[in-house]
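Input: structures, listed below.
Both complexes below contain chain A, partnered by chain B and then by chain C.
Take a look at the complex of A and B:
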């Protein structure tokens, strides 16, 4: 890899609890500008909890999350989202009782003053995902799983994310749909969008990802590039194979 | 579809509104005083229930204290007319605004809560106001305020009715426009999943608070209209049982539709009027009929509108098959 990109988000020594049970044990993670950073791990490894802690949805008990020169660990969730860290979760992806277009309109945010990159508009979203234009007046709840996933990503894009967080975008989807979502993510990457992607599907992630971290039992077990990961079968079989 | 409303009102829906409005406007010229009175009450109760449904059907909360805002609007109107020399038009604006102020105060706590806690605290705050109203001398204690003089122009039953209908329709249209804006979409999104709304950068707490104030303002308008209608106001307006009425009207009419509360109000009040004329034990029969309505029409009376035409269609299709066969 040539030059090293600027850091967008840095997580340092994050601890999170659900009630009394300790979920994240000192997780550290770096996401760089314009890269796809993958967070791999099995079910229940702590991927979604980590993301929820970054987004302020699950309060972390200790640690730091640095974004745009500020520690956002205590910032309310809606401020984090409006400052550009926008998640797209795999469960309850969309608002089913609104139409596709209304879902997108809700995702819209005021452009931030320091906006340098592409500004996403509904027209641009429709260009990228023509299927949404076709279904714009339908109830979002009546879309198929794959279409809902696309809508979920599109809704997040409407907020013009500095950092787009995709939580298992391929979960429960057919291989054809997974391939098309992969293509869309590549387009986003080409647009210089920084992406944090959590996945169980190593094959899918390795096609897109630049950097990669493996999380297991709430701890980061591996950090590096996919190239090194492929040469290291033991890590893959220990932490990722089912 | 059982999903919430069709807010993108097509021309067909607007035609319906205009038609209903025109019919309502000519009622006083043909109907009896009895019907004019009944319709005035239906419109007012429907409006109050609609303010509840803004939070119940569209926001996913259960407000059990809207009687507080109904009473605030009513008492503010009565007091302003009796004790001050403010022009009538000013009263019409200040009275609902007072209800909104009360809503803004109560809402600080209530809108932070969800589900049962929301319902219980809103009912409790409503009872606080009920107690206050009975204890403060200027509010007339248990006897309330009677003999509120309204301007000549509105002194007849028909005039109050027409005024009510105009105000109610104006508020209905404004609410419809509001619900079909990003504000309304967020309100419905909160109903589904507040956390996800947070992820779109909206401040859920602030949004719920503003919606609560708007709702209490509308309920205040209903209270104000009721004083113009009856020229008196009583502490029972602030009792939580009144809030229960509003919620019941919503459920009866269908919480998942915009116009449901209006239909529910018509159903409840007409039912009430007819059953009371038949028997002394009207509450018993009213209760039973409401139980039946809720069991057999879980999505309210408006829930039928989607199914009924389809059922009729399929019935005719079937009989068509039989003929051919």
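Take a look at the complex of A and C:
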């Protein structure tokens, strides 16, 4: 590594509430170009709320989110998406009432920067995930969990993301499927895609991740590399083990 | 009675059913996407009938009313009510949305009273559509056929837009998940406006289609919204196919019931609703979570 990559997204001191309950307590986070930044934490730690705040889906009450030289904390969700921050959520993965192909086409956006990177088209997606071509006319809701997860990631890629946010892509999936999703993320990383990955599965995340943050009770408890994390059993057992 | 009369009644019932369908499809489309039940839809229908009367009176031309009113309805009435009223209550509880739409109903009823007074009006049958076809012993009025044709064409057009175009897949996506649609870069609030405009235009189309065979009078909106709401419930909220089937069932049963059970003609509709709800609470074509 050695080289320090430029910052794609910077979250500063973010506070978010759901109604009266305080969910995020001053969260700060940095995502760098071409890296896989992992956000680890248990269920209910605040991972999904954090990415929903970044994407403009849950309004933050204070703090900043810097992206492409702008604070996007008040930007409407569809503008954030069309400027290249594209999430693939674990709770709502695909449009079940649309066909596989329609799912891919709805998220289609032109690439924005001249960064040397692959340009995602439907053909390219079909090359990478042949199963989607085979099932292109099927209703997405009829796919298996693993296939839906693949479609979910593919749909996000169709937006040619500057920053791809993957929210627990392994949740509820069989080990074989998890391994194949890991391979796909490796490919994306090799193609210089910046990724923010939330996970409970530390083993999976550590194979892919560059930087790592741990969130618990809405606060960032650890920020650093996976190497340091592995040498620090107490953090892992305190915040991550079930 | 001979079989020929039954067929004639059936056709008359079908044309009535198509008016219900036009109204119900707008209501169900708006509900499917915006998750708002617009009870003012019946008042829109009544207003359309009165406007149609005035337009035909001043221009002497039914065709003008037929093509202009749905457009004006959609863009002006639909656009304004969505932008200035309904947009404010999307996040509110259903009861608030209901109160708002009932408020709009009252406002429209009073506007009608102020402009047209309390006496009933009717739009004469346009010259071209007067008379009927006779096929053996079956007589079908030309206008009934026209309404059935126009409505089925509208239904086909709606399916074509919803299932064959990009905007159609965006509309269906919105019914599935607003959040996910936003993160696909879609300005969902614009989709809402568009759907409300389209739904209201359909109400306008129902008005002009119904105008020559009905009498415009105050109170007709309440009667109609009850029928159309029943159609939406029978068919399944959010489903266009359901609206078509529900409207056909109610329109035809109503028409055939009149000669057989005149005392029960009005009740039968509610019996159908009750039976459907007993066996399929989500309606015939409804998904349990109301998606198009």
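One rule holds for everything that comes next: the second predicted complex is superposed on the first by the 236 of 242 C-alpha atoms of A that agree within 3 Å, B and C clash if a C-alpha of one lies under 4 Å from a C-alpha of the other, contacts with A are read in each partner's own complex, and residues count from 1 in each chain.
Operating definition for what follows: a residue touches a chain if its C-beta (ideal position, glycine included) is under 8 Å from a C-beta of that chain, and two chains touch if they have at least 3 such contacts.
This structure is a prediction, so every number in the text was calculated from the model and none was measured.
Participant: With both structures lined up on chain A, is it a clash or a fit for chain B and chain C?
Facilitator: clash
Participant: Would you check which partner chain A:55 touches, where first means chain B only, second means chain C only, and both and neither mean what they say?
Facilitator: A:55 sits against chain B and chain C alike.
Participant: In the overlay, answer first, second, both or neither for which of chain B and chain C A:45 touches.
Facilitator: Once the two structures are laid over each other on A, A:45 reaches no partner at all.
Participant: Give one of first, second, both or neither to describe whether A:89 is in contact with chain B, with chain C, with both, or with none.
Facilitator: The answer is both, since A:89 touches chain B and chain C.
Participant: If we overlay the two complexes on their shared chain A, which of chain B and chain C does A:195 touch? Say first, second, both or neither.
Facilitator: neither
Participant: Now for A:106: first (chain B), second (chain C), both, or neither, which partner does it touch?
Facilitator: both
Participant: Tell me the contact category for A:125 with respect to chain B and chain C: first, second, both or neither.
Facilitator: So A:125 meets neither chain B nor chain C here.
Participant: Touching A:139, do we find chain B (first), chain C (second), both, or neither?
Facilitator: In the superposed model, A:139 contacts chain B only, not chain C.
Participant: I'd like to know which partner A:77 touches here: chain B for first, chain C for second, both or neither.
Facilitator: both
Participant: Which positions of chain A sit in both the chain B and the chain C interface?
Facilitator: Chain A residues touching both partners: 55-57, 76-78, 81-82, 86-87, 89, 92, 95-98, 102, 105-107, 109, 155, 159.
Participant: Under the stated contact criterion, what part of chain C meets chain A in this complex?
Facilitator: Answer in residue numbers: 166, 169-170, 172-173, 175-177, 179-188, 291-292.
Participant: Spell out the part of chain B that touches chain A in their complex, as residue ranges.
Facilitator: Chain B residues touching chain A: 1, 3-4, 8, 182, 185-186, 188-189, 191-193, 195-204.
Participant: Considering only the defined contacts, which chain A positions touch chain B in the complex?
Facilitator: Spelled out, the residues of chain A in touch with chain B are 55-57, 76-78, 81-82, 86-87, 89, 92, 95-98, 102, 105-109, 137, 139, 141, 155-156, 159.
Participant: So in the complex, the part of chain A that touches chain C is made up of which residues?
Facilitator: That would be residues 52, 55-57, 76-78, 81-82, 86-87, 89, 92, 95-98, 102, 105-107, 109, 155, 159 of chain A.
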